[in-house]
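As structure tokens, here come the structures.
Heads up, the next two complexes both have subunit A, just with different partners, subunit B and then subunit C.
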Partner chain A sequence: MKPIYINSIGSVSAQKTYNNREFLTDVVSYFDTEIRVIDPDYKQFIPPAAARRMAKGIKMSTVSSQIAMTEAGLENVDAIIVGTGLGCIGDSEKFVSAIIDNNEQFLTPTRFIQSSHNTVAGQIALGIGCKGHNFTFVHSSISFESALMDSKMMLENNEAENILVGGVDELVSHHIDTHKLIGHIKKEPVATKDLLQSGTKGMIMGEGASFFVLSNKKLPSCYAELVAISTYNTLSKESLIAKVKSFLEESKTLPETIDLVILGNNGDIEFDHYYDTLRNDLFKDTPQAYYKHLCGEFDTASGFAFWLANKILKTQTVPEAVQLNQKSKPTTGTVLLYNQYRGENHSLTLLRRC
Partner chain B sequence: MGVLSAIGNTPEDNHASLISEKAGISRITKIDTIHKNEIMVGEIKATNAELKQQLGLSLDLPFSRTALLGAVAAAQAIKSAHVQDINDCRTGLISGTTVGGMDKSEQYYYDYFQNDRHWGHINGLHAGDSTQKIAAYLGLEESLVTTISTACSSAANAIMLGTRMIKSGLLDRVIVGGSDCLCKFTINGFKTLMILSDTHNTPFDENRKGLNLGEAAAYLVLESEEIVKRRNKDVLAYVKGYGNANDAFHQTASSDDGDGAVLAMEKALKVAGLNKNDIDYINAHGTATPNNDLSEGRALLRIFGKNVPVFSSTKAFTGHTLAAAGGIEAVYSVLALQHNVIYPNLNFETPMKEFDLIPQTQLKEKKLRTVLSNSFGFGGNCSTLIFSKEA
Partner chain C sequence: MSELKQELKEKIIEQLNLEDISVDEIANDDPLFGQGLGLDSIDALELIVMLDKDYGIKLADPKEGRKIFESINTMAAYITANRTT
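Let's look at the complex of A and B:
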């Protein structure tokens, strides 16, 4: 199989990730039930007049995709593939409430247009004039992974040379309020550094946008190699270890050779036991990391994890803030990511130093 | 194949309506909208309760209509493909949807805060929920299950992705298609864009007034050559070509010259290894909006020149079923191949002044080898699929 390279990255998150020269040097802590992104200076990326009309998801994506494109030294790509659990949900909420509040009258189309799940991918294509393949995946916690999988397949089959791939989701009020009702979001605030000790149900919700240029050619800016990716609609705790082993086996990788496993723990006592299965068994002697205390939980939070893995592989540093156990290795050559949400939509992603 | 639309509950029903010119466009009955006297829609007759009954689901289960329609059509597809055990090989499900669970979300938007009766629907809003429920209903486990949302080309792109995954050896079998139900969200959205017709839609007609929204679900079961050989299965048709491109022109409108559509059709022909003269019939996107039909027509002229193949839009039968459109039209393309017929483009009277393209207005019998199907959506998303009788 041809190697697939991650040649550049860009991220807007609840941490100061929009500067690729830094790497979690100044970690921001929160005490809340939801955490928002730290806004970059949008003016540097988007004309203010245009920014005013833009949904937050589009703004975050515009910035992170521009950072990734600039770092890769590209002005255009052959394809744009985006994962988003909810799209520009803020506009959907405003359009729905306007329909109800005004009894289907006096509506304007902007909110509706931006509600299309593929608005971000379409807007980026429009911005850079990319007429290539343009897909948007919207499947809960594997939205971003689906986009990665499609990108990998395109590059392997020579359907494209450079692909802009990303994940984005925005945080909005009706969604937060309703998901608190059903206990998917924590009802009581938690200090993010204590997330895994919260002892309560639900997660701290976050938002963010992470974009990457994937290519079948290695550029000097290269971060890592994407070796394998797989998603599963269901997976029982009992079959998880066997699944991880067979996933690694397909890439001729032994669990013992994994240098770092990045886990999607979100502090929900009902579901974090999936990660415990790996932490206490297959990877008990492997360095472990986590990240949702930094960016919050959202459908494309795994895009932040992918950003983290790339950063770690390139800089060969595992920031203290993400370390989940006391183990460490002198070099990090292979990183495995595992994520799931509420026991569904599991993903395994394998990255290698390039 | 499985399909549920305003003109029938099975592929056979749909074919019967198509050949007898029986359109499914009517006034809306299931949604209480203030626009009910100004719009026409392609509504599926069954109520949610009836669909649940058909699926053997308890009435109080929180299924959106998108999930219900999708489960019925997908189960039908699995049955017609004679799949006994869905987990007997690497099977995936790729579904397209735009509204997902919006029908319930808009219904209970404020109620959620008054009482807990409908809280089951809260997590059903996101688009992936309908696909996840369809997978569970089919008994699909530990598998690739994902959702594509590229507006009105969603199901076409699901078919494309599934085909590519089988070709790449990542899956042995994949259920592909899409589902979208009617809801106030899309009715009002298209209303604000002023592209809803107040009467029957008239694709490719000079005096077209816009589209009729519709609801539908359609799925096809794609299998690898190996599975087909090993099980000695009948093949209905082949997905011979596919192409997706972006118009990169405007968020909701197509470019005047149909750049994206031209690129999508060119890619699909190239993948199929076919010459433009090899296309026997085009099932056009043909939504009957002023913008689409002009742009698509110009794109057809740019690709095919003076020899545009026989073409028709079936939207006058079903309405524009958004994410599901590429799915039902894929089913219609395969039915056309099987029956060697070209379905009529209803309601056409006056050729457009910009060109002399005239769709097929009567049912036509013709030996068909290849059918090209177009689906275009917001965000400049343009997709083309080519179906063929021969591998």
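Let's look at the complex of A and C:
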């Protein structure tokens, strides 16, 4: 297989990640049940006339994709592929609310235009004038990974040279209310630094956008190589270790050669045991990291993990704030990411230093 | 009439998300489209819906909008003459 390079990154999250020259130097802590992104100065990236119709998810994505495109030194790409769990849910909610409130009358175009999932990929394409493949994957907590897989296959088959791929989800009030109602958000606020010790059900909900330029040629800005990615809609805890081993075997990688495993623990005592299975067995001697205390849980939170892995591989630094155990290695050459949400939609992603 | 003009400015700013513009910055005779506020065709649709919803005015011919939406003055005059609510 041809190597796939991650040539640039861009992220807007609940941390100050929009500046690629920094790497979690000033970690922001929260005490809440949901956490929002730290907004960059959107006016620096988006003309006011365009920004006024953009939902938050579009603004976050536009900024992070611009950061990635600039870092890669590209003005255009062959394809734009986005993963999102709920798209522009904020405008979807407003549009549906207007239908109900106004008895199906007086519906205005702006909210409707932005109420579809593929608005983000479309707006980015309009912004840079990209007329190539434009695709949006909507698949719960493997939405971002689905977008990554499509990108990887396109690059391997020479259907594209440079692809802008990303994941985005926004946090809005009705969505928070419904998740609280069904008990998926923690009932009591938690200090994010103590997330894994909360001992309670549910998550701290978050939002964010992370974008990357993937190419089949290595650019000077290159962060890492995307070696393999796999998703599983259902996976029992008992079969997890065997699945990880077989995933690594396909890439001719032994578990003991993994230098860092990044896990998607979200502090939910009902489902974090999946991660414990790997932490206490297959990777008990491997350096471990986690990240959802920094960005919150959302369908494309694994995009933040992908950003984190790329930064670690390029800078060869594992920030203290993400370290999950006391293990360390002198260099980080291979990183494995594992994520799942409420026991479903598992993903494994393997990255290598380049 | 001046109250209506003030109300229209507030509604336009709110409904069209003109975050960087204040009521004081919109003169009554400023063109709303093109060189003035820079509104576009999607905004025109929003304004047509606003006339219907808030003032009970249905524009049978959208082309009428070109004259009605020239400025705050023309909007206020049309609404005063045709409002049903």
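Following the convention adopted for this analysis, the second predicted complex is superposed on the first by the 354 of 354 C-alpha atoms of A that agree within 3 Å, B and C clash if a C-alpha of one lies under 4 Å from a C-alpha of the other, contacts with A are read in each partner's own complex, and residues count from 1 in each chain.
What we mean here is this: a contact is a pair of C-beta atoms (placed from the backbone, for glycine too) under 8 Å apart; a residue touches a chain by one contact, two chains touch by 3 or more.
The model shown is predicted, which means the values in this text are computed figures rather than measured ones.
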{"item": "Contacts of A:Glu270 with subunit B and subunit C, given as first, second, both or neither", "value": "neither"}
{"item": "Partner chain(s) touched by A:Gly132 [first = subunit B, second = subunit C, both, neither]", "value": "first"}
{"item": "Which superposed partner A:Arg52 touches (first subunit B, second subunit C, both, neither)", "value": "second"}
{"item": "First (subunit B), second (subunit C), both or neither touched by A:Glu75", "value": "neither"}
{"item": "Contacts of A:Asp150 with subunit B and subunit C, given as first, second, both or neither", "value": "first"}
{"item": "Of subunit B and subunit C, the chain that contacts the larger number of subunit A residues", "value": "B"}
{"item": "Contacts of A:Thr108 with subunit B and subunit C, given as first, second, both or neither", "value": "both"}
{"item": "Contacts of A:Asp281 with subunit B and subunit C, given as first, second, both or neither", "value": "neither"}
{"item": "Which of subunit B and subunit C A:Glu256 touches, first, second, both or neither", "value": "neither"}
{"item": "Contact residues of subunit A, present in both the subunit B and the subunit C interface", "value": "105, 107-109, 113"}
{"item": "List of subunit A residues in touch with subunit B within their complex", "value": "80, 85-87, 92, 95-97, 99-100, 103-105, 107-109, 112-113, 115-119, 121-123, 125-126, 129-140, 142-143, 146, 150, 153, 156-157, 174-175, 177-179, 181-182, 184, 230-235, 239, 243, 299, 344-345"}
{"item": "Touch list for subunit B against partner subunit A, complex", "value": "33-35, 93, 97-98, 100, 102, 105-106, 109-110, 112-113, 116, 119, 122-123, 125-129, 131-132, 135-136, 140-151, 157, 161, 164-165, 167-168, 170, 184-185, 188-189, 191-193, 244-252, 259-260, 263, 377-381"}
{"item": "Subunit A-facing residues of subunit C, complex", "value": "15-20, 38, 42, 45-46, 49, 52-53"}
{"item": "Partner subunit C, residues of subunit A touching it in the complex", "value": "48-49, 51-53, 102, 105-110, 113"}
